[in-house]
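Since the structure comes first, as structure tokens, the remarks are kept for the end.
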Amino acid sequence: MITAKLIDNVWATRKASSLNGLKLMLAEVIGGSTEGQWLIVVDTISAGVGDRVIITTGSSARRMLGNDDIPVDAVVVGIIDDDCKLG
Amino acid sequence: MITAKLIDNVWATRKASSLNGLKLMLAEVIGGSTEGQWLIVVDTISAGVGDRVIITTGSSARRMLGNDDIPVDAVVVGIIDDDCKLG
Amino acid sequence: MITAKLIDNVWATRKASSLNGLKLMLAEVIGGSTEGQWLIVVDTISAGVGDRVIITTGSSARRMLGNDDIPVDAVVVGIIDDDCKLG
Amino acid sequence: MITAKLIDNVWATRKASSLNGLKLMLAEVIGGSTEGQWLIVVDTISAGVGDRVIITTGSSARRMLGNDDIPVDAVVVGIIDDDCKLG
Amino acid sequence: MITAKLIDNVWATRKASSLNGLKLMLAEVIGGSTEGQWLIVVDTISAGVGDRVIITTGSSARRMLGNDDIPVDAVVVGIIDDDCKLG
């Protein structure tokens, strides 16, 4: 999984109907040599801007949604504890 | 998912027959450390050149096409609202 | 999908038996920030050295072969028209 | 698979319920041109901080958990022997 | 698929039981802009250190093992002929 910081909400009025009701956020990879890479992720665990989160990508991301037919490849699976230092 | 800008249409007369009728576009990743990466994507939601879009990749992309047998690994799943600032 | 130029044929006498009869080619990514990356791809649509092609990767690539048991992760799915400018 | 060094534990009180009980660790890629990339991985073979490990990613990672519905994309599948020099 | 050179054997006494009996090797990507990237791969076609090989990654790699439950994401699928120049 990837460590990232949520930096913004993303709004897309025109989108796949299967994405309706899903919360989209912009995440920026933190730490390591891929620092700064951007991803758009789906959040289902009430994470917020500023949170450091764990992101699962690929087919595994769909396991978070309980519906294998949604075209999503990155989801927030956890919020890293505030007092957890990394690295 | 990836944030990208659609920068051109792509024409391929000779292609897999299962791609017939699909609209192919060239997308350029925006923002973050992978800025500038190129992808060819399938669009089914009437996006246009200049639009900033959300792209789903990998096996999840096939979920957008309603047919798991099409050899496609990147699709437009949403158009980011014009007034949505990112980052 | 990825935009690449086919730059050579690849010969491998010793290989997985399920690859027998498949044409292997060396492709170089063109355009964008991953320019120059090398991939070995399977071609089933009679592409040739010098052609600019569209490459599908991952599990989606196996959809091009009509057999989900072949260990291949990159295939040519289209040849970009000669008069198609990109970007 | 990827060669990495485990550099820390990761704590996430708020997370997907399917991740409860799984041990999460921070891994840093070692060797080669992607040196320093960070991944969060699941460990089920009692690896510890400082161990050099083999990490499987993507859908294959779920094969390590015996449950295809867990949203995990990176797991430790082996610990490299102490006296094994690499490269 | 990826072009790489096998540079070493990898020994891991403690590993997933499903990996028992599989030969693990360290491979280094050759050619192109990802030159030097390291991967650990499974070899089932008797490749050796120094061989230039074709590596399949992701879910497609499992197709080489005849068992979809093994947590492996990279396998050698061919050995490039000695007299085959690339690029």
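A few points about this structure:
Here the chain labels run A, B, C, D and E in written order, and each chain numbers its own residues starting at 1.
Throughout what follows, a contact is a pair of C-beta atoms (placed from the backbone, for glycine too) under 8 Å apart; a residue touches a chain by one contact, two chains touch by 3 or more.
All values derive from a computational prediction rather than experimental measurement.
Fitting subunit A to subunit E on CA positions gives a rotation angle of 145°, reported to the nearest 5.
Note: centroid distance subunit A to subunit B, computed from Cα atoms, is 19 Å. Work out the mean CA point of subunit C and of subunit D, and you get 31 Å between them. In subunit C, the positions touching at least two other chains are 29, 34, 58-59, 61. The chains touch one another to form a ring, and the order obtained by going from subunit A toward subunit B and onward is A, B, C, E, D.
By the touch criterion given at the top, residues 7-8, 10-16, 18-19, 24, 26, 28-29, 34-41, 58-59, 61-62, 68-74 of subunit D touch subunit A in their complex. Those residues of subunit D that touch subunit E in the shared complex are 1-3, 29-34, 45-47, 54, 56-64, 75, 77-81, 84-87.
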